[in-house]
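Scroll down for the structure; my scribbles are underneath it.
Chain IDs A, B, C and D follow the sequence of writing; residue 1 opens each chain.
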Amino acid sequence: MTELFLHQQWLIWLTLLPLGAAVAAFLAPQQARWIGLATALLLPVCALAGILSVTLTHADPITAGGWPTPLGIELRRDGLALVMLAVTALVGFIISCYALGYFPVHDRHYDKVRYFWPLWLFLWGSCNALFVSGDLFNLYVTLELVTLSSVALIALEGGKQALAAALRYLFIGLLGSLSYLLGVGLLYGSYATVDIALLGEMISATRLNHAAMALMVAGLVLKSALFPLHFWLPQAHTMAPAPVSAALSALVVKAAYVILLRLWFEVFPALDTFAVGHLLGLLGSIAIVWGSLMALRQERLKLLIAYSTVAQIGYLYLVFPLAQPETMAAAWTGGVLLMMTHACGKSAMFMVAGTIHHTAGSDRLSRLAGAGGPVGVLAVVFTLAATTIIGLPPSGGFFAKWIFINAALVTGQWWYLPIILSGTLLAAAYIARVLGWAFLDVKRSSYPVIPWVMKWPPLVLSVIALLFGLIAYEPIQIALIGAPVHGSIMVEMTP
Amino acid sequence: MSDLILPAILLSSLLPGLIIFTLPEQQVTLRTALNLAGALFKLMLVALLFVRVAERQYAELRLPLLPDIELVLRADALSLLFLTLSALLWLLTTIYAIGYLEGSPNRSRFFGFFSLCVSATTGIALSGDLVTFVIFYEMLTISTYPLVVHRGTPKALAAGRIYLAYTICGGLVLFFATVWLRSIAGPLDFSPGGVVADLDPALYGSLAIIFALLMLSLGVKAALVPLHIWLPSAMVAPAPVSALLHAVAVVKAGAFGIIRVVHDIYGLDFSAAQNLLFPLALLAAFTIIYGSIRALSQNDLKRRLAFSTVSQVSYILLGVAMATPLGTIGGLVHLVHQGLMKITLFFCAGNLAETLGIHKVDEMDGVGRRMPWTMAAFTVGALGMIGLPPLAGFISKWYLGLGSLAAGQPWIILVLIASTLLNAAYFLPVVHRIWFIEPRQDWPSSSLRGGRETTWALLAPPLMTALLVILLGILAGSVGSALYWVELIAAREYGL
Amino acid sequence: MTTPLLYAGGGILLFSIGLHALLIRRHLLRKILAINIMGSGVFMVFIAIGARGTDAVGDPVTQVMVLTGIVVSLCFTAVAIALTIRMHNLTNCTTFATDEESSLD
Amino acid sequence: MSATVSTAMLLLVPVFPLLLIGALTVTRVRHMALAMCPLAPLPGLVLALFPAANVSVAMPWLLVGSHWGMDHTGQIFLLLTALLWLAAGIYARSYTRNSPQRLRFWIFFLLCMSGNLGLTLALDMISFYLFFTLMSFAAYGLIIHDNTPFALRAGRIYLWLVILGEVLLFAALLPAARAADSLLLRDVAATLANAEGMNLILALLLVALGIKMGAVPLHFWLPLAHPAAPIPASAVLSGAMIKAGLLGLLRLFPLGFATLPGWSATLLSLGLLMAFFGVLMGLLQKQPKTLLAYSSISQIGFPLMAIGLGLAAPQQWPLLAPVVGFYALHHGLAKGALFLGVGMTGHLNSPGLMRHVTLAGLMLPALALAGAPFTSGALAKAGLKPFLMLSPLLDESLLTLLLGGAAVGTTLLMGRLLLILWSPARAAVKAATSGMWGGWSLLLLAVVLVSSYPGVLTSSAAGADLKWIDALWPVAGGAIITLLGWYSTRKRGAHLGAKDLDVLLDALLRRLANLAAALKLPPPPRLPRGARWQNLPLLLLLQDSEQQLRQLSVAGVMFILLLLALLLL
């Protein structure tokens, strides 16, 4: 029985189920909500089962369609894929619940409701596909699918600004993915394979490969909105409906980053990436400060959160310079940890913003005043979620920063210390602004009623974000399965 | 697995807090029941643990966080000292807060964060290594902010901003110093001898820097001058919060952390050998004097009390910095004594504000006639602060004095004398007003049955703490007193 | 100067031209066209790579890839045009409004 | 008495008044408690009159380890204290019968009493310090009881000096305890002589305890506080509490353990100074109670001298100690009687028997103080005489002469007191009630008994037969001078009155107050608010460049640049 259970091809289901559900939801718009909810309930189960089946039985990679590599499509089942699937499942589930309240049945613009569910399930499915796909070209295709669905979701609001943001995002996405694809092509030209593992073994430091790397990195940097190429992100994330913004910040941006992480640690090590790593680190540092300062400047909650995403992406890019030989494992783990915790925290924050927008009609900070009242749960959710953005313990952000600082100290790259620390301070500053408004006590004539699905699911997410540091042990252990890096996380300095 | 008592103690206040968040505002009874049940249950568990630790069976629990980081909960004599204090005062403060906030808005939020705050304090008391300590220390920061700004007035928000600014910066420095120390010295378990003693002497330089950073960051919460600014402004918070802030939660967390770092991370011998402690002693002495001088010129009662806290908490640090058994005893015992005295004073200040709307010192003329019991408690607290026998404050002062002589630093006695004079100078006039000056206006006479001066919920806590202040002083020599317990700790520290 | 290399160079050239147009041209349709041109450039590179082998039949894998790529770009073009039309209906302009950045906050 | 009973009695001495306070706070039993208040010192009296063989009890659980007990010194002081408080209590019961603040008065009265009684029994320094503090602070409540501006000022000055004394005592006890490595006063006195910083410790002690004793120049609270307090309170203040300082010296100074000529000379000269200073200042006063306060200052000088002599010759101390004790007893009783008497003067102007009785009652303690023959004063002085040759300072005859002079002065003082009391200006004083009579007569009786009880001295005076004639001439001289003075100034009333150091202190306090007020530091620096942050020029600049970045073309250039950089790196 357990055998049967464990040898199911859960990871394939993780992709097929949402895609099928998307089609179904599109065909039967009346039942879209329930189809979506059912899928959202099933997918976490599949993800859990998948994790169990991998951790308990160390089976070979499944190849879909039965073709062997390099021709067939190999499903990666390593730790990174698993944890990303899990996080996606969790966040996706919460987002779906939230969306039930955010898109009520009898909405003025009915098509919003009608198109949200198919697109969202499509996005979800393609994210899962991206995380499990193990060769460069599949990564390209899945990345495109993700972009495509995101574009449509951004355009969901239908306003002029929304459309513009969507188009802009579409162009950027295409630009990025095409340059990535060009890089893929060059690599394929040299080695006649696009399988990451095989490439990692074969690749050598040549000009052409370096050019390929440059193209791919540039494309992925553009797609993951690293400074100075973050310009599209604030608009896109702000114009989209709250659940979509949550998904974009939590998952879509991470998708491109995950690809980069895979390439960097599995394909590029053979190349001379020292300078590139430091360039990325530099841009990341600028992004941290820049994004935080911008966030400090914003008057609208969603924009503030979006810019804080820009800053957080900066942290993610510190992984590359910090991944020196002795701190390889540390940097990698820190990056993964930060991705996971940021996904939870940031989506919770976007949901709060959405609720404010939903109830108060606008997400200006001033509308937060008196949120401490009967809608106080918003303030609570925001506070708890903010801890991981600021990097206060016991959130995962705290430990991620811990790992980064430790790595910087050990590798003697002390200049990243002030960046990380000031970034934390600035984050505290802009969070404090929001809290200041939230706790300002104004007597309202009437308090809005918030459907419970818009209250408690985000609370769950924010609590997870807060306590992630305490429960991170198992996720990290899973993430390290078949990880390209080995060694201790807490490297100790040697005098 | 009896070590599960440690997480149980943590959860006993964490769970009620989380549940209370979800309660609607009207569910007063359920909320009150949850609060009191949690507090009592915690007190019970702590009592159990107390007995165990008294028999020298130390509980410990390790929970892996990251591959190389653990969450270590351990109960030793020192943590029990702090734990018992916080558990006891939490119960009293909860009762008090229930009475104090009766009918005010946002009580669910308040009590939720209140419980979180206490769980964080408990965690600080129980943390068995520096990493765990930092975790709970920061949790305390974030969970206290909503309490400080609870009133939601612009003034409160400004105070909250200052509070956050100071504590976050402090926490950041603490975090950085801890990471640095961890990367140098490896695991940072609290152990009597300290963990850095047998490091490569080449590292002593950076160790000294780290020590300074740690002292500074912890000094923010311990309100060492010039890092004390947030404390007087944070007194806009409701009285129960100020009481908790000043007596156990925030300020004591800083002091406790300094004790931990000096005793169990660096070790007394090492820090004395590297003479890291003398600057600390100087800073503490300066803080004692400065705080008292500032308190002199405060007309707002709570502000005066706040500055008095600034001054009094540094007694603890002074005792720690002496690095002699007697000094340590004096410092540690003041951790408890100051907490009790100060919480009494704040309770009374709260009663005045809540019952008669008195906030300023010069409005207190003859209030002893209207609220004799509250004011009696206040007087006990004030005289204790001055350090008059037989009250608890005297015991601390006496041991600090002896310790300073043993440490060969008689100048500390001068500090104590000056502080005593200053304390007298800003407390005795208040006491005089209370009892000996004719009331200027006549207050609304009590509407309560039997003409009680205020509700039991507001009256009982200060009376109990005042009683404790007296008993801890009079019975200092007897088994189970704070002094007795502290002597056990000191014996462990110095292997006497 | 072998044929594949020529194709490859042409592909790169197309890519650059498309990129230039994408950035400079303001009319949305032009941008969409530019994207497509970039795409074809990339595909040409792939084909060149596929034709690298000596045998007459090229590498099937590249062709699979190119086909997939074409499909993808087709979808994108469709979506893009749909959005453009929608935008044109809303606001009678076919460019990104310039004030729209500032109107964010 | 059996050991257990006497131990219980010992504990009861300081505790019983506190129990009564507890009873006072309970409305139901308050009335009964009020009735019992005057009897609070009874346990002490019993213990002092029927001493069990060195009764003592060690209580390690109390404070940081306490030790109470009664030795000979303690016994005499306990006797004095208990008697005075008893009399004062009885007196006060009727004196405060219809005062609005009666409850407050009794609470402080009992607190003060408990401290004062306990002080005589404390054998370890912590308990001593405890009772000393209790007594001193409770006395504040008695001093300012009337709430008159004069009383408040007196109270303020008193309080400042009390606190000063507290901290000095604290500072002295710490090193003493460290040197002795014990808290027992006996050990401290034994080891103090060879403690490090002995002189500093002794100096601190002398100042701290001297404040209580009204030692010049720290005496000035006394002529303010004693008159300010209600009559019964000033009786105990001046009779008993003043002796607390003396007791402290007896307990803590290395008497009988070391020869300290320097300190001996200091104390001797201080004693002499006080003896004459008190007389002179007293003669300038108009208020009877102020005058009496100054007389106390002068009287306390004599036991101080005795202690000085003791420091010169430790081996003689066992003989000298009883003299000091007797002196304290004698002065305390007499002075208490006089203070209480001040309240009785309403009868001096009423014709008849009462007048003579009152006069006699006033004369008796006055004569005793002056040291007239057949009075306790004469006994005390005679007891002191044989030790004068020990003096390291002046030779015996000169000292004798000086003492005689002081006696003359005292007589003058007493004469002036009687004249003031007799003056018609005081006819306003209302007639005394029975309770007042009771308390007063109790003290008078005690004075008589003491004077007819030379037993204390037979041991010490070493067979020095008392020559009453020695005691006679100063008194006679003084009396004559008084009469002459009265006769010469009776036409135009003597206009007298003097300021004392308290004026200086007032000035000092005012300076301090101004200083404290001047210490209003600037308010703490406010952090810039978030709202203000967002308008920093830097941020605005960044915002503009951000706008630029949003232009697709700019962004594209950025992309190309990045691509190139990556290619070239």
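Worth pointing out:
The criterion applied here is as follows: contacts are C-beta pairs under 8 Å (C-beta built on N, C-alpha and C of every residue); 3 or more make two chains touch, one makes a residue touch a chain.
Per UniProt, the chains are B = Monovalent cation/H+ antiporter subunit D family protein; C = NADH-quinone oxidoreductase subunit K; D = NADH/ubiquinone/plastoquinone (Complex I).
Since this is a predicted model, take the numbers as computed values, not measurements.
Each chain gets a centre from the mean of its Cα atoms; the one farthest from the centre of chain B is C. The chain pair with more C-beta contacts between its two chains, of C-D and A-B, is A-B. Averaged C-alpha coordinates put the centre of chain C at 102 Å from the centre of chain D. Rounded to whole angstrom units, the spacing between the C-alpha centres of chain A and chain B is 42.
Averaging Cα coordinates per chain places chain A and chain C 27 Å apart.
Rounded to whole angstrom units, the spacing between the C-alpha centres of chain A and chain D is 79. In chain C, the residues touching two or more other chains are 19, 22, 96, 101.
Multi-chain contact residues of chain B, defined as those touching 2 or more other chains: 161, 165. Residue positions of chain D touching 2 or more other chains, listed in rising order: 530, 550, 552, 556. Here, these are the chain pairs in contact: A-B, A-C, A-D, B-D, C-D.
Listing the residues of chain D that touch chain C in their complex gives 547, 550-553, 556-557, 560. The touching residues of chain A, counted against chain B in their complex, run 333, 337, 372-374, 376-377, 379-380, 383, 387, 390, 392-394, 398-399, 401-403, 405-406, 409-410, 417, 421, 424-425, 428, 432, 435-436, 439-442, 456, 463, 469-470, 472-473, 476-477, 480, 488-493, 495. Only residues 530-531, 533-534, 538-539, 542-543, 546, 549-550, 552, 555-556, 558-559, 562-563, 565-567, 569 of chain D touch chain A when the two sit together in their complex.
The touching residues of chain D, when paired with chain B in their complex, are 59-66, 104, 126, 129-130, 133-134, 137, 141, 144, 147, 152, 159, 163-164, 166-167, 170-171, 174-175, 177-178, 516-517, 519-521, 524-527, 529-530. Of all residues in chain A, those touching chain D in their complex are 168, 171-172, 175, 179, 210-211, 213-215, 217-218, 221-222, 228-232, 235, 275-276, 279, 290, 293-294, 296-299, 429-430, 432-433, 436.
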